[in-house]
Structure formats: structure tokens, C-alpha cells
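Multiple structures are listed underneath, in C-alpha cells.
Shared chain: chain A. Partners: chain B in the first complex, chain C in the second.
Then we have the complex of A and B:
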């Protein structure tokens, strides 16, 4: 992005450390570049500067008073002290001011463990309180504002949340009313939040004032471990972390992972909270055979056996692949079925949105609810293979030779866009569906095979911006669910003895995918956690 | 002329004033304060429908209007009766005996601070510095200052006057 004509850098000394930064930077940003932490509440890299919390005060040589580093531009030769006695004293003072009316109810606060009041008190405070509890100003607690719970008493008025609803979602629901110590954060009409990105408010609130209803009191955060992944609920592919309790191996929350090229610090509420299908009632747990409307629990062994037998006449088989599959799964399935002589492949995608000219919602969301349509196209062109759309499938049906349709990788409970592919099949064609969930639209299938969810498998995907990103399994597969690799292996052998080797996706990525896509060798482990922008598809 | 759909409305003539006010500034929202005063004069107090109406006239998010209104004590967001007594309780006035004025008013009216009398004739609030510290303690009745050597006795008389005659010349009661 930056031009080659280098902007002349200025040199700043922060706590005896010299850094060279571009002149458009603030002292705070220069400190970040120098690896020096300055305490802050209101500053946020993806919001405008407010300069209201006064936590980031630092000493600047020659300036008579302390300066807020978040809003002080750098100057060449500037000397800054972030932890001199004077600066420390001021930071402590600001903190004390913030805590004057704070209820300090950490034991019953869900933010405890990731609260910046707690963190900074340990690091910069440690004074003895001069305020009696009964002298504090009290405000509403645990107020319902929709997806988020608001505890006005805990709010330190940093205005991150009001800036978010003003600058990011442009919905302006949150305001601070009144003045002085009666200032209070609320939704202006006391109604619920009305935007698709509310979960981010719980992330950016540095204290326990805004917490997400979905996560409240589910887990103390110090019991959780975070794994880097990407969201698969739409074609944006926002970067995420998935929090799992390593003891129970259960998934508790999905949060944004900052990537300025894709999602800044945000994700939408769908991406954050739709994961519940993973443990949902409708989740398929074992292979099921359906005959005469009766559902019989079956085994992978039997399913693979039947599929292998059907493969003896590959001309009667069509393979449908959801654009929710990873690049590696697509490659694996196509190569393996081609080897068995199958000729027809169908792309199962939301066809109504795939050709749309302005598919974005203005913030992040893409109208295509599948994550890998771009990767799908690249994999097929790499393999020099043609795929059919829904109309193509109908035409193929018209030829009259089709006996089996096997659709793979349908994920989630909201896949109504896929039903037209099922409807295109006449009665005489038997349908085998590899999906995460049992849905009414799958009713006509003869086999339902439990698919691993996006949280249970690893691989790469290419988002609608043309960025190659890495999906990483965060939880073990639920019951007998399998990913595309395991299924391809099983069908090949017609038996359930050899599941796919654990690191199959790594193998395929390193040997077959990396070089054609990236134009160079790439080790899976070292793939940039922020993804890599690919060259445009020709 | 600015036109919006709303359950409350300014008259044609007031809408012209609104347009004139808006034209005075670079951005419509700069005219917020004078237009809020206008709305308060017209509707008595600034209820949520009125605030939404003002927001739509100025093409501002309603939240911003609620925010501003809550900041200033001179804006009323509920029906405060015919006479709203506003006693300053900031530093100077407090030092000069504002509390005694509040007590006197509470006694005469039979309602506490922030209260409205049942007959909707009076309400009582305390406000921040009215900018007349040199004449402290001061009080304001609706938009009129009452700032001459005010004491408890005079507050009581003033209330009596207002109640009996329905009006008063403030100069007289405080002379």
C-alpha cells in the first residue's frame, strides 16, 4: 500500500529506548512500536481518539504538564517518560478517580480476569481506597439491552462503546446522559441494541459494564484457552479466536482476532453466536440410514461399504461439494472420486448471492453465508476440472443415467440455500448427505453422514477478498463426525479401518496447494496467522 | 422547508424559524440548543416524541439529542407544572444560604426537590451555577431570575403570590 518514496521518519526516545516512526504517529503508537506498554482505557486502534480517560499520561521533556500519549503527536527528538515518578503518580491518580464510584464487585462480575481495572490496579494502583462504600453513587445494574447486559455502575465512561455504535455500525443507540458523577451510559430510549455487531461491545468495554448474555457466567475466563481460527459463517472470513476449556474440551466463545486487512477488531453477531449448532439437538452424531421413512442408526463401515459398491459403476454418480469445505477437503474428495472414475461434480453454494454485485452489508458481512466459494473455484481450476451449477445438475438428471447423488460438507442449521440442489433430484436417485445437522430439508436422503464442523477440522480457505487463511480445529470431533478427508479415505477402501491420517490437511496443503496458490513453497505451520492475499484469479 | 412525519409538530411559522436557525450555522446540528428552547416553549417540556422530532428536523441521531438534553438543567424532560422553581446549589449560593431557600420552598410547596405539586402548579429543582454568583443565593422561576437579597421569607412570599394571584412581578416580591 505505502509508496516507495519513504516518508521521513522522526526519532523519539521513550524510556531511554529510541524508535523511528512516521511523523503521523502519536506518542502512544510510538510506544507500541517500541514495545512499551502505556496503560489506557479509551484508546482503541480501530476507533477515533477520545482522550477522555487520562490513563495514558506521560512525561514529555520540555512540556510543563503531563500529556495524554494517545493524542500527542510525535516530534523529532522528543524524549518521553512513561514510568517516571511523575507519570506513575498521574496514572495512579487517574485510576483512583475511575474507581471512586466503581462498585468493585469483582467476585460477581463476569469480566473479572480480563478487566482492565483489575489489571491496572495491580500494575499501577495499589493505593488504599479513600472512599467509603456507602458514599458511592449507585446506578442501574444488570440492565437488559438485548444481547448485552449493561451494568452502568461499573462503567468508567471511556466512550469506546458509544464511539463504536456511532463510527462502526452508525446506529447510535448508546449515549452517555447527565453530567459529572451522575453521568450514565444507556441506550438512549432504554430499548435494546439494534445492530448486527453488538458482541463487539462486550469485547471493547475495558470493564464489566458491558457483558455478552451468551457468555455470562458460563466460564471464568482464566479456565479458557484460545485457539486462532477464522469464522466460516460468511465469505468475509473474519479472523477469530475460539475459547475452549482444556479440561472439558468444550467451546465457550468465539471472539474477533484483529486483522486490519479483513475485520479490524470486529466480528458480527452471527459469527460470534451461531456456533451453538455444534452442540445442538439437531447435530448428527452417527451415520443414519433411512428407508421407508424409518431412521436406523448405522455405522460408517456399512455406509462406506455401500458407497464402494456403488462406485463400481461411477457413471451413475454425481458428487456435490459445499463451498463450506476446506480447500484440502475439496481437493481430497475430487481427486479421490476422479480416480474412481466419477465425472460429475456440482458446486453447492448459495447461488442467489454468489453473483451479486454488492454483496457486503457496509460493515463486514458478505451475503454469501458460505466461507470458501473463492477457494472452491481456485481448487477446481487448479485441478482442471469442471463443476456444474444447479441448472447443470438438473440437466444431468434429465439425461436419465443418474442413480446416486453424494453431497458433502453441509454445515450448520441455516442452509436453506442448499435445498434447491436436493429438490433437483428425482425420486429414483438415492441421496447420501454428509452434514453437521439433521434438518427437515434433508428429509429425502437415504443416508445421513455426520460431518465434522468448522470448529473440529483444520485446513485453509480463501475468503471473498481473495485471502488465503487458516482454519484450525479447536475442539475434538463430536461423536462419530468426520471431515472430508476421512470420508474420502473410507469410501476408497469401502471399510472403516483406515481413517485419514491426522495431519492429512498439512500434507495436501504443503504438497499440492501452497505452490500453485502462493507461487512458492509454504510450510503449514508457518503460514501467516493473518493470512496471505492471493493474486487475482485469472 | 424541513418536513418530517412525527406525532408532534411545530407550526408553519415555527418551522420557518427553525429553517432560519439552521441556515445560520455550518451544520444543521449546530442549531440544536436554540431549537430545543423553541421546542420547550412550544410543548412545555421535552418528551421523547419531541426529542425524536427535533432529531429528525436536524437529521441527527436521536441519541445525541437525548444526550445533550440530559446534560443541561435548563431543559425539562417531564411536565414540571406551571411554575418551575430552580434554586442554585452551587458553591457560592450554598455558602450564601441556598439550603435555607430549598427548605423554605419544600415547606411551602409540600413537595421535595424534583417534586411537582399535585395541582401541577409548581415544581422544585436545584440547579448548577446560574452565573449570578455576585447576587447569591439566586433562584430562577421558569425563565426569570430572582436574585435580590433572597431569603427564606421572600421565597415563601413569592410562592404565595404566585399561588394567589397566578402571577407576580419578580422585582416587587424581592425588593
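Then we have the complex of A and C:
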């Protein structure tokens, strides 16, 4: 609970740097605030304190005994040395002890390049090995525990993972059995992991003991570049980084990006691993025209031409917009079709969950698999435009004037929730679908237009917590996939000139969206990478 | 000798009385009178009396008992727990066992007094699993005490309730460490807990908790009966009273002896213990259990059994385990055995202890088997040095101290092991 009463801060001097912190902080947290790095394995900002790795030992007020900074509360006037000879010696000593039974199989370890044993060895170690190889304690390697591969020999027993399954998922699959240097990380009863957040275990493991099966032997991490984005697999909008090999421009993994207000340090396995549809078999790569059950590869030029012609009588057209589209896409498509005289807009959303009272799974996941229902509502209210739900669409069908339904922005292979909107259309209505994937539920469409996936476009979304966040393209659009902006541009002109302005989303955001949502001007580039909490929708 | 005159005066004064473990016999020799006295006193006055006695914990750390009780907050609204540590596991120590098996009611009476002092209504005795006979005797004593109204509801008509439960451990050394004991009693893996918070504030089940050793608690009836000031007249300024010493090793009469603190170590070994067996020459003495650094013969000749003197020689009284080592026994073998014990017993949570104990044992094993290398002694010192004071509990120190102590005081024997190897 926040109060307006200012908490009196205490002053701590760390490595001759003075820092003012609230009295509930630990020395470690104060060092973080002072911008001083203290080596650590077991400490994690979103887990309880274990205090077992003994890497963050520091000198406090010249006391003879070193203290672990992660569990030492700050005191006013405290003087801390994180890199005095004594502290460095202890950190180095602890690191050496971490490594004595470690297999050092870095050449075949996926963690190499982002392993804290490697990092700290370079930073604090650099001693000669004093242990002969045959002396090491051996433990099981490469054990299959489901989505994750467990290598007990590489494990340094920091207990981050056991704390994660105890404190975050409350599933307790991971345990440390035996004692002393025979301690071994195992799953309970040797069973598989049974939670929806297993990928985080590979992230929080500071070494290569828990690696993600999905990423195993795929890429050396030093070949990858990370781009900040947000996850679009549900209405939570977890902050992410997307790793891409800049040479091949291929996407290799999605990881959480810490945001205490949204997802702490976690994302669910869906958000992490469902990205494969981007390169999937079912991915639409070119516009397709379907007539008499025959699929013909076509062109955007032809598709746009037909749509432009249909727009000559806009009263027979209904536009469906998926709540997977960005705010900018929604705005652009609606404004553009309204200008052409279209009057009917449908919100394509998972209607079964959108009104649920407790849509959360207790950790992160929202039952709404679409990321931007909240942004959709805000865009329509900003534009003073009404939208129809599925029942509204059925009523519109009942009026008998409808000839064309154009649905935009359907993303992914798990969109069964959208089928009811397709089923609401009678045979006489021609359906044009702008989607990322060719799915059986789209069979009745006359046109399938390849949509850009969330990894191929930029824009903003508003999550279910009312937070405006920025999605950033990480990879180039696959084949002929187009985002909503390019589609709106093409339909207006009735031809594919592919001259849609590249950074259309920036223009729209800065000129039309920022001020009404935020109540102030906002430059796209300077939008907080952690997003901005919006005032509640009236 | 004046020291001898005070032998067996407090803890062991009735130890040879037949059937002392029966409540009727215990009461015949004056048992439970001190508890009755305590229940007529204000808790604060009990604490004051124990503070005045200068009693320090007999489990090894030697923390002043009255002060420990004083840390317990009385206003949290949570229950306060009193835990009796009967997990005596340090190699060389077997004194609590004598009290448990011979005089269990002294422990229960001590618990009654301590519980009254800290306002605890639930107490546990955590006894090491191997003490099966002791557990049987203690349980009978507890049952008797319930029957006689010394435990349960409305004790001695004072309105004070106290329940006492005996809990058997499963054989881990680390459960003798007070927070390890608490973890184990909570049903968790026996691993020490981070401090802060300290057990006095947040211990068993997150409630204020005091953990006292068997001997400490058993001393309380005498202190209450005779007054803390009288107790303080025994011993030295900083080491008040008497303690039990467990004499073992190459002596004629090993056993548990009660001595006034400050008594010369030679009195214990030569007079009570009857000297070394077969007239052997003394090589070293471990004064306080396997974790304490050894004393040389020259130090033994001068040493007195008190906290101050041991500190002077870089060692500790620990839990009173005096181990006598004769000339013909290999210190390397002894140290290897000690290291193996701590390697086996390390709980494994803190890296320096988990990995360090194994490394020390490995090097000592190599040395002892004649496979040592020239850097081994430096490696032992460095590794032990990196373990000192760097872990949650004192097990890493307990493993490192004897290594550093033996190497410092008897370097020749270790270098000789290396030379032998090189001479081959």
C-alpha cells in the first residue's frame, strides 16, 4: 500500500559512493541503486533471499566478519566495501569453490556466453585450477524433465529454481536431494515439470544446469541481438526481448524483460515458445484466392483491386478487426474505411472470456488470448465509433444487405475463438481474411491475405492492466505478409504499390494517439520501454 | 586440590543415586523444589538471577543464557517456544547423554524454569536419533512429570500451562545447530536458516524461540535453589560455574567429569583421567570437540579449562569434548577422519562449506594415502581460509578450524608426509 508520508531515508556509503535509500532495503539493493555491481548467484530480485552462494560477501563498517549483502539490512551511516582486498578475496574464494566440481563443458553448453560462472571467472577469478579432473563429483547429465533439460553436474545449487517452483508457480517440482557435495537438483519423483512457466527456469539458472529444449544447440548466444518488445499471446502484455540473428534475420527465442508492474521477471511458456507459427507450415506467405474449393496463389495487386471495386458500394461491407491488432492499425483501418463510407465494424475477440470476472491464472496469464482488447475499446471511444459484437454481426446479417466481410489481423494458429464470427456469415457473403496462418476454420473464405505477425510489426497496445506498451518489429516481414497499415494504404489505392510509409505507426501514435491516451505529447522513440499506466477508461 | 573439592557439586551431585531417573527418587533428593520456587517468582526476576549467575550456553557457542532469554519479545501475540537441544553430535562429546539417561528430571525441571522465565507454554526436546535409550528414558520422565502435575495445565496451581514434547531427530549433525534444529522440527530439510531474523524474534514456525542446551537447562535448578550469585562464585570471572567435560582418547579413565571452570587441564587428564594409557607420551589435546583447534603438550601443561584461556591458545571449550592424543597416533589420520566427518555432515546449502569440506577431505585423504603433492598444504590453508566466517552457520568454521589449527601447531607432521612421498 502506498502512502503519501515520505519514508525517512538512510544514508549508506558504498565504495566511497554515498547513496540515500529507504530503510527497508538491503545492502545489495542499496548497491544496485548506487550503480555498483556485487557478484551473486542465488540472489534474484523476484525471489526470496536464500543467502547460500556466498558470492556477495562485503565488508561492513570494517567488521572482521564479512556479511552477505543480500541479507544485510541497511543502517544509517553504514560504510560498505564491496571490492576491498578482503571482500574480493572472499568472492574469489567462493567462486573457486563453485567451480571445483563444475564440469567446465562450456564448448557444448548452451549457456556459454551468458553464464555467470564464465562472467565472474573473467571478472573475479582468473586463477589456475587446483583440482584434478578425475577428482570431481559426478552427477547425471542431460536429464529430460519436459520442456527443460537438467544437467545436475553443471548445477551450482543456488536454489533459484526450487524457489521459483515453490514461490511463483507453487508447484514444487524441483527439489535438492542429499546433502553436502552430494546434493543434487532433481524433479520430485523424477517426474516432468508440470507448470506453465517452465521456460523461466532456464532464464534464472545462472549456469547451464537448466536449459530450454527449444533453444538447445540452436544458436550461440553471442550471435544474437535482442530487441525490446511485448508479448502478444494474452492480455497481460508481458515485457519481452526477442533474440534475432542479425545475419539470418531469424528469430530464435523470446525471453522476459523485467517489469515489476507487469510480469516481474517472468513469462509463460505460451508467450515464450508459441512464436514458431511465424515460420510454421501453415504460415500464409502470399495472397490466396479460393474459388470452388480451389486455392489459387494470387497477388496483393489483384486483392486490393477487388476490394477497391467492392468499396464502390460501402453499405454492403462489414469490417472485422481482431483485438490482436495494434492501436495504430485499428485507428488507421477504421479511419480509412470510414472515409470510404463503411459503417459497420465488428470487434473480433474471445467473447467467452472477455467478460470473465477472474480472468487471471494466479501467476501471469490472462484468459483472453488477444493482447489488445483494452486498446481496441479505447481507440473506438477516441474515434466516437461504435463496434458490433458477434450477436450484432448476426443481426446485421439478418438485415440482408451484407455482401462482403473483411476480417483483419487474425494472428496465430490458436484462434478457434474467432470461428464463431466466421460461422455467423451466410454463404452469400464473401469473406476476406487477413491472417498469419492458413487454418481449417478459415476454409469458407474467398480471400486469404498474409498478415504480418506481432514480431514483424511495430505499434502500441494497451494491456488488461490499462498499461500502454510498445511493440517493436524484430524480424522482417515473412514473404508477402503485410501489417494493417500497408493493407489500409493498398485498399485505398486499389493497387499494390508497396509505397506505404515505413514508420506509419510512429506518425499515427505521435499525432493521434499519444495526447488523448496520455494527456500529453509523447515522442514514439522516448516512450518508456516499461510502458505507461493509463488512467482508467470512463 | 581445591578444584577436586568442587567436582560433582552441581550437575552430577546425585548422579550415582540409584534410580534417579524416577520422579520419586528425584524428588527425594530435592528435585522440583527449584521449579516450585521459580513459579513463585516474577519471570523478570528469574532472568535477573540467571544473568547474575554468569551462566553461558553449554552447547558450544557459550552465549550468556540470561541475555538470550532477554531478547525474546513478549508483545508479538505469537506463541513463544522453548526448544531443548539434545542433538549432541559433536565427535568427542557425550555429556548430555549422561544427563539424559541418568537425570532426565533435571532437564524437565530446567525447562519448567526457563519456560516460566520467557513465558513459553510449548516446549520441545529435540533429541538425536541415535540416542534411542535416552529417548525412552526421557519419555518416561516426561510422562511422570505430567502425572505429577509438573507439566500440562495449571502447573503447581499457578495457572501456568506448559506442554513438553519429545522429538527424535534423524541423525544429522547439522540439526544440532539451533536454526537447523528449528528447520528439522518444522518438518523441513535440516538446514540452518539465514540470520537475521534471529530465532528469538522469528524462530520455530516464525515465532519467538529460545534454544537451550541440555546441560544449560539442567544447571538452572541449582542456580534457582542457591541463587545466581552463589553460582557465580564458582569458576572464573568470565567463565562462571562448573561444566561437564567428556574425557576420551588415550587415557586410563575416560568419562564425563564435572569440574569448576578454570581448573587446570592437567587435573582432568592426569588426576581424574588417571593419565595416559601405558605411560604414553602426550602429543596433543583437542579441548572442546572435533571442531576445536588442538593444544600442544606445552599448552596443555599451562592450560586451564575456561573460555579465556582457550581463546589465548586459539581454541575453544566448545561442548567440552576433551580428546587426548598420544605420541604414536598420526595427526594426519585424525585430521582426515575429522574432515571426513564434516564433509559427510555438511548440509550443502552454502557453497564454501559444501565444496570446501569435500576439498579438504580429498586433499587430506591424498596426503594420508601418500598421494600428496607439494601444493597440498598451501591448498589446505587457502581452502580452509576461504571457509572461515563465510557461511550461514558455523559448520564450515568447524571443518576449517581443526585443519588450520593442526597445520599451525603441528606443521612438521604434515610436511613429513610430503617428504616421505618425495623420498620414494
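Throughout what follows, the second predicted complex is superposed on the first by the 533 of 538 C-alpha atoms of A that agree within 3 Å, B and C clash if a C-alpha of one lies under 4 Å from a C-alpha of the other, contacts with A are read in each partner's own complex, and residues count from 1 in each chain.
Definition applied: a residue touches a chain if its C-beta (ideal position, glycine included) is under 8 Å from a C-beta of that chain, and two chains touch if they have at least 3 such contacts.
Quick caveat, the model's predicted, so the values are computed rather than measured.
Peer 1: State whether A:57 touches chain B only (first), chain C only (second), both chains, or neither.
Peer 2: In the superposition, A:57 contacts chain C only.
Peer 1: Which of the two partners, first being chain B and second being chain C, lies in contact with A:188: first, second, both, or neither?
Peer 2: first
Peer 1: Which partner chains sit in contact with A:130 here, chain B, chain C, both or neither? Use first/second/both/neither.
Peer 2: After superposition on chain A, A:130 lies in contact with chain C alone.
Peer 1: Touching A:108, do we find chain B (first), chain C (second), both, or neither?
Peer 2: A:108 contacts neither chain B nor chain C.
Peer 1: Which partner chains sit in contact with A:295 here, chain B, chain C, both or neither? Use first/second/both/neither.
Peer 2: Neither partner.
Peer 1: Between chain B and chain C, whom does A:172 touch in the aligned arrangement: first, second, both, or neither?
Peer 2: The answer is first: A:172 touches chain B but not chain C.
Peer 1: Of the partners chain B and chain C, which touch A:156 in the superposed model: first, second, both, neither?
Peer 2: second
Peer 1: Do any residues of chain A touch both chain B and chain C, and if so, which are they?
Peer 2: 176, 178-179
Peer 1: Write out the stretch or stretches of chain B touching chain A in their complex.
Peer 2: Those in contact with chain A are residues 48, 61-64, 66-67, 70-71.
Peer 1: For chain C, which residues count as touching chain A in their complex?
Peer 2: 172, 174, 189, 194, 196, 343-352, 354-359, 362, 375, 379, 382-383, 385-386, 389-392
Peer 1: Along chain A, where are the residues that touch chain B in the complex?
Peer 2: Answer in residue numbers: 166, 172-179, 187-189.
Peer 1: Can you list the residues on chain A that touch chain C in the complex?
Peer 2: Checking each residue of chain A against chain C gives 49-55, 57, 64-66, 71, 73, 89-90, 93-94, 96-98, 100-101, 130-131, 135, 137, 156-157, 159, 176, 178-183.
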